[in-house]
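For clarity, chains are labelled A, B, C and D in written order, and residue numbers in each chain start from 1.
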Amino acid sequence: MDIKMTAADMSAFLDEAFEQVKGDFTVQEVAPNRVTVRLNVQDKHLRPGGTVSGPSIFALADVSAYLVTLAMIGPQALAVTTNCSIDFMRKPASGVDLIAHVTLLKLGKQLSVSDVLVYSEGLDKPVARASLTYAIPPAT
Amino acid sequence: MDIKMTAADMSAFLDEAFEQVKGDFTVQEVAPNRVTVRLNVQDKHLRPGGTVSGPSIFALADVSAYLVTLAMIGPQALAVTTNCSIDFMRKPASGVDLIAHVTLLKLGKQLSVSDVLVYSEGLDKPVARASLTYAIPPAT
Amino acid sequence: MDIKMTAADMSAFLDEAFEQVKGDFTVQEVAPNRVTVRLNVQDKHLRPGGTVSGPSIFALADVSAYLVTLAMIGPQALAVTTNCSIDFMRKPASGVDLIAHVTLLKLGKQLSVSDVLVYSEGLDKPVARASLTYAIPPAT
Amino acid sequence: MDIKMTAADMSAFLDEAFEQVKGDFTVQEVAPNRVTVRLNVQDKHLRPGGTVSGPSIFALADVSAYLVTLAMIGPQALAVTTNCSIDFMRKPASGVDLIAHVTLLKLGKQLSVSDVLVYSEGLDKPVARASLTYAIPPAT
């Protein structure tokens, strides 16, 4: 199945459609059923001690699952998360960005299911894993 | 089991320990194994269309599970989320705060497990449900 | 919303539609959006030490979420589980049945979401909690 | 980190420690942080139509996460599942076994976290994905 959006398409789409998070995320790579997304860590993402907060890690996993779905169906601002399960496994390293590697496991007519592994940039043990389901609006 | 912190204690603790989210949350009620928490919705919590974003709902569930744990063990800045499962069931109403009702289902030596229901204020069908596990640091 | 099936209807439906688990489950009570289901514990459900196994607790949660959905939409053998998150919190007591209390949190056109608490009969602290999503086939 | 048990060790351990499921599972391959496990599908695992039931898929994911943990820490009959999140994505093919590929993502002192993908043998799209947390008893 072909990719419907490039990394540049996705970054532009995100910044336009979700202005509250403009600049937070950069799409790094896109391949069939796979996307890599960077969280450009800023002060607002941190907790005391300088590590990235749980809600910021969730936000990265959530947007990554959204983007891997859009990569395969094209821009659909109306897809919505219906479920997320996330395990926080290690404290993020301080002073580095987070990188999410997301894999689309299922793309149905109504639902997509994705798996996400989140790493502190440059480290090889994951900070978190998440799986997410998106509901896809009917084609019109 | 007795409550170790009042609603006022918790709100003060949150604002002091987590300055990045100062003013975001208000603890409304505390009872044994139960806490009610308000998300004081602001622009930064919104998505296009004026509804509260998924990551903001996650943040409310996460802090609520943390607070219900602290209510029973006392202030422990070091408790950390290890797992969350969340279902987003309905679009939040626009223009109103979100209210989380959290119940502590288990308080072990190493783990607490909580259930959270999130409502748009004044509405009776939940926006989201979540269950969270916190790892509790060993007493010192 | 009215109940579409009684407890007796459901027990009969289960035994007919799922003969591999005939006799395993008894529907105890039905009310709008709520059902209570008993696992009639037998040797095949046990682990060494005489406690009910994790897969048997999962099976009870799964059938309970199915039944609370059917209670509101009528018999639909084709509804399928799409997601389950389950926390195992305490060892089941040995020598007693398990009782599941399930609440339907959302009934949409395509999905239902339910919350389940599982108890060892006669004890007041839950053995497990689970949330489940069922996909509902389109009406024909 | 070295493997503490071979595939043959694990199959023997399972059959001895969990006689209720004797013969249900075969450990196929073991490597550091990875195990492959087969569900030897029998009548008791089926639903009407000949597909493997949800609880049987859960049981396979659960035992696989247990085994990948034991592979790295050695035989510990007392490790217990604390959490599982599972997505059922496709109907299993009828007439073939299920194969689980499990990866150990974290091995801490108290908890292990694993990711599981379940396939119908010979097919390349996963039937289910699951993530599981096991609590590890303190070394004695």
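Just so it is clear, contacts are C-beta pairs under 8 Å (C-beta built on N, C-alpha and C of every residue); 3 or more make two chains touch, one makes a residue touch a chain.
Each chain and its UniProt protein: A, B, C, D = PaaI family thioesterase.
Source: prediction; values computed, not measured.
Residue contact pairs shared with A-B exceed half only for one pair among A-C, B-C or C-D, and that pair is C-D.
A comparison of the B-D and A-D interfaces places the larger number of contacting C-beta pairs at A-D. Chain geometry summary: the mean Cα position of chain A and that of chain D are 28 Å apart. Centre-to-centre separation between chain B and chain D, using Cα means, comes to 33 Å. Shown for chain A are the residues in touch with two or more other chains, namely 82-83, 85, 87, 89, 133. Residues 82-83, 85, 110-111, 133, 135 of chain A are the ones touching chain C in the complex. Taken together, the chain B residues at the contact with chain A in this complex read 17-20, 43-44, 46-48, 53-56, 58-59, 62, 77, 80-89, 91. Here chain C touches chain B in the complex through residues 85, 87, 89-90, 105-106, 113, 115, 117, 125-126, 129, 131, 133, going by the rule given at the top.
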